[in-house]
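What follows is a set of structures for review.
There are two complexes below, and they share chain A, which is joined by chain B in the first and by chain C in the second.
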Partner chain A sequence: MALHTVEFDIKLNTGTITIDVPTHTGVVGSSDMEVLMEPKDLEGGVSVRIVTPVTGFDDLWKRVLDKFVNETALSDTRIEINDNNATPAVVLLRLRQAFSQATTD
Partner chain B sequence: MSKWNDLQEHSFLESNARDRALGIVDDGTFTELAGPFDRLSSPHLELLGDAVAFDDGLVSGVGRIGKTPVFVVSQEGRFIGGSIGEVGGAKMANTIKLAIDFHDKLVADYPDLSEEEKPVLVISFETGGVRLHESNAGLLAHAEVMDLFQKARGKVPVISLIGSKVGCFGGMGFVAAATDVIIMSEFGRLGLTGPEVIEQEMGKEEFDSSDRALVFRTTGGRHKYIIGDANFLVADTIAAFREKVAELAPLPVAAFEEMRRVGSPETVERQVRGVALAAEMHPQDARDVWAKAGNDDPASLTDMPLAAFLGQVKRLSV
Partner chain C sequence: MAQMSNDDTRKKRNQRAADTAARLEAAAPLFGAGKEVSSDNTVALLEAVIRAGDIVNIEGNNQKQADFLAESLNKVDRSKIHDLHMVQSAVPLASHLDLFENGIAKKLDFAFGGPQAGRVAKFISEGKLQLGAIHTYLELFGRYFLDLTPRVSLICAFKADRKGNLYTGFNTEDTPTIVEATKFRQGIVIAQVNEIVDELPRVDIPGDWIDAVIQSPKPFFVEPLFTRDPGLITDNQILLAMLCLKGIYAEYGVTSMNHGIGFLTSAIELLLPTYGEELGLKGKICTHMILNPHPTMIPAIETDWVDTIHCFGGELGMEDYVASRPDVFFIGPDGTLRSNRAFAQTAGHYALDMFIGGTLQIDKYGNSSTATASRVAGFGGAPNMGCDAKGRRHSTGAWLQCGQELPSLDQQLGTMPRGKRLVVQGVETFGEGRQPVFVDKLDAWKLAENANLDLPPVMIYGDDLTHIVTEEGVAYLNRCPDLDSRMAAIRAVAGYTDIGLQAKPEETKRLREANIVKTPDDLGVDPSRATRAMLAAKSVKDLVTWSNGLYNPPSRFRNW
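The block that comes next holds the complex of A and B.
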């Protein structure tokens, strides 16, 4: 009944990009999500925390985040997500938005 | 974060709560208080297994328009209909409290302050009222906010902005009515019981909530402007709302007292005359009221462009 929390770390050997500023993107509307992205010293890693009403998709979350971290070569970043039934495509879109906000502001 | 310049010509209707808060004050002056990085989300929703938000669907903060400090509350309709729960309610109440305390301190420290330099409070409503998941806390917040409006009276003018998708309904309809001045766009909707609830309780013959034209001419900005529930009707851009707030902000606090709908023997008498008129007229449609206000061709008012509407509309006086 209570909300489901998924937590994991991703570490790439090729991760070199860091973000400049903490950023917040998105609204927890139906089928949507919000994300906080903050620079944090994680020895080159990315740590992720997802809070969602949905269970049974932990592997899928991991795959989407892996894809995002791989394509951006992100490192030393803390990602926190409040999800409300967003599809993987929406998740990836919001992550990319947050990343572009955090690196261009 | 969105760029201030880009926001100005954005549709107010389609803007999220944070963009509205950011865009309503001067460029670069908005400071969010109790924002998403403070991670104040609802403990009740979490227990119920419902999605939570880092800001609980309410943006609060402070900025400036010209020389006027502007405290801002902005509700996010996409998060559970902009409903007010414990955390969002506390953020709203505390922003008002902060505005009053700030005013008192400012006036005590600088007795010869001009009207323009005294703070105002702006609330961008987008809500259906109490969040039913945490109803007691939500109701309490409504009461607290109304109480604080009374404390703010004569000190901090309270300006309502209504032009967002969800509209302003339920308990927050009462709250908006208790503010000093209401600015709406024609896409804003204001009422107590929402259209769907009326249909559910009274039947489709009483009110067909799927008839959007009917819904808008009964609860929408144009109707509210004609009957005097809204003081001002502006275009659907953040800039238009902002201009109107900038125009009002330097006014002396006494000027705001004259714009109120409730809270004095005169306004009570006006409300009673309005009820008597409704009983006498038995209007079947909002257009009957528009005709009563002296508009010869009420049907034409619905679709004409805003400028033409504002140029020729006659408003009800009771």
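The block that comes next holds the complex of A and C.
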């Protein structure tokens, strides 16, 4: 099965939160995904790279990531997602778990 | 006043009994000792006692199945027996639908389609099957005593004795209802049993209500429909379970309920001894349940959360565990469970404070359905429990609070107080294959069109639905003053579906201020804690350990 890659950047004017350490959460099981977050100087921005077997949901990915970055005020972070048909609910949950891990460890 | 004549010329009122006697007379040569008929004579027996156009019941719910009798009915001479009107709880077996393909049956009244749902829809559109109606269980059982009384019923039991007494035990389910309706209107009852014995553990159905007993060549089929492997529960389902426990169970102090089948409710059951304990809810929630013997309830039962559980049916592998907990389950003098779907549904309809389940689709008004455009599935027990029973008169805290929160109650009842059943749908905003759960219009409308139904099959109507729980939070629909406000609350928890994207941030903010919508944050639920570490049992093997080895899971659930 060919994998599809989605890449975009998100930059908030209000983004002030950075993560302390790289982190890895989740597994690429069915209906699940893994997320890797690492601190990176991106001039306050967040870069996202998603590898997924599903096409046609690029907008949805962007909306979910926008919400996450907005609610956390995240900045200077690189996010990599390896997806295996996770729903938006699972995506947000994994992102929040990764964020919590990266900011409290 | 005219003198009554001794010559009674009125129409005879005992024709059914006479007809039954004639049919049984025709079958007499097929009987062995007592009520016993050998399995080889089954088809001949059915041909002797069934007439074209009869109303016939084949017992089978989503659990035990009179499968041998269903297969035998397919082998009758269709030039003699045709146009049968089947009335039955469920049609999950291929043989149930083969009757229509084979030209033996013509009309169907039922409650649940299960795996044959696609064929039901197809046969309707091809004109092979005339659909009476899709019922709820209690509604269908009610009609057995009204206008759909079976002439002949083909039922199912574990054991019979020589006199025809039956032991239905753990899986009593629908049997008493079917037999009483049929026999007390002079119908004919034929039972397939796994074993004919000299003495039964107990008598569940008296032998004089049974006309013939057949030892089936193989034991009847039972589906372990209510077994959920804890290993498959996802973190997101655990998040939803935490929201349910804090936002609804604790908020209303819900003591009595039914849990629909699904991983969310399994997650709730497995969080009682962990998160529920942490919230201090033991003894305050989940004390009285109407529920099949869910294996995922074992940890909560073992930690003394539950006072009583009454069961619709049994669950494979739970026999010994259930028998060992007679303080909780309804156990006969012989030491085994007796389930009874009619009584459990009656409690479920009238007496419970809450129904919680899941669905495939919820529309923008809050109507929900599991029907898809090409499957006539039916809903089983959900609609009886997933509605506000207007006949209820006793009050409990949860029921009263849910009613008191209704802002529009005074529009209908003036100053008269009244409670309301909590009806909760717990769903992820997107289901399998990223299909949105929240939709503008239910697929049930398309089904109604495709299958020529009078109504789109709705599982739970919007005016009965009081709460929706998604990963976005809880929508307290019972606190909404009008439909506009309900629709806004639905949008607010509909996530990234098209319905959810129509939510306006300022509107959602107002709903949160009015406590009509609560996010995980509003409820103090930390999504990062929603992991499998929260589950009291993480695998089927853990459940066996919790049960002290009394739970004996079917082999397909064993991986050790």
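Basically, the second predicted complex is superposed on the first by the 104 of 105 C-alpha atoms of A that agree within 3 Å, B and C clash if a C-alpha of one lies under 4 Å from a C-alpha of the other, contacts with A are read in each partner's own complex, and residues count from 1 in each chain.
Here, a residue touches a chain if its C-beta (ideal position, glycine included) is under 8 Å from a C-beta of that chain, and two chains touch if they have at least 3 such contacts.
In this text, all values refer to a predicted model and were calculated from it rather than measured experimentally.
Of the two partner chains, chain B is the only one touched by A:3; chain C is not. Once the two complexes are overlaid on the shared chain, A:47 sits clear of chain B and of chain C alike.
By the touch criterion stated above, A:34 is placed in contact with chain B alone, chain C being left untouched. Of the two partner chains, chain B is the only one touched by A:82; chain C is not.
In the superposition on chain A, A:101 contacts both chain B and chain C.
When the two structures are aligned on the shared chain, A:18 is found in touch with neither chain B nor chain C. The interface of chain A with chain B overlaps its interface with chain C at residues 32, 85, 101.
Residues of chain B that touch chain A in their complex: 1, 16-17, 35-37, 39, 41, 45-54, 57, 76, 78-79.
Across the interface of their complex, chain A is touched by residues 234-236, 239, 428-434, 470-471, 495-496, 501, 526-528, 530-531 of chain C. Listing the residues of chain A that touch chain C in their complex gives 31-32, 54, 57, 60, 63-64, 85, 87-90, 92-94, 96-97, 99-101. Those residues of chain A lying in contact with chain B across their complex are 1-3, 22-24, 27-30, 32, 34, 36, 38, 51-53, 80, 82-85, 101, 105.
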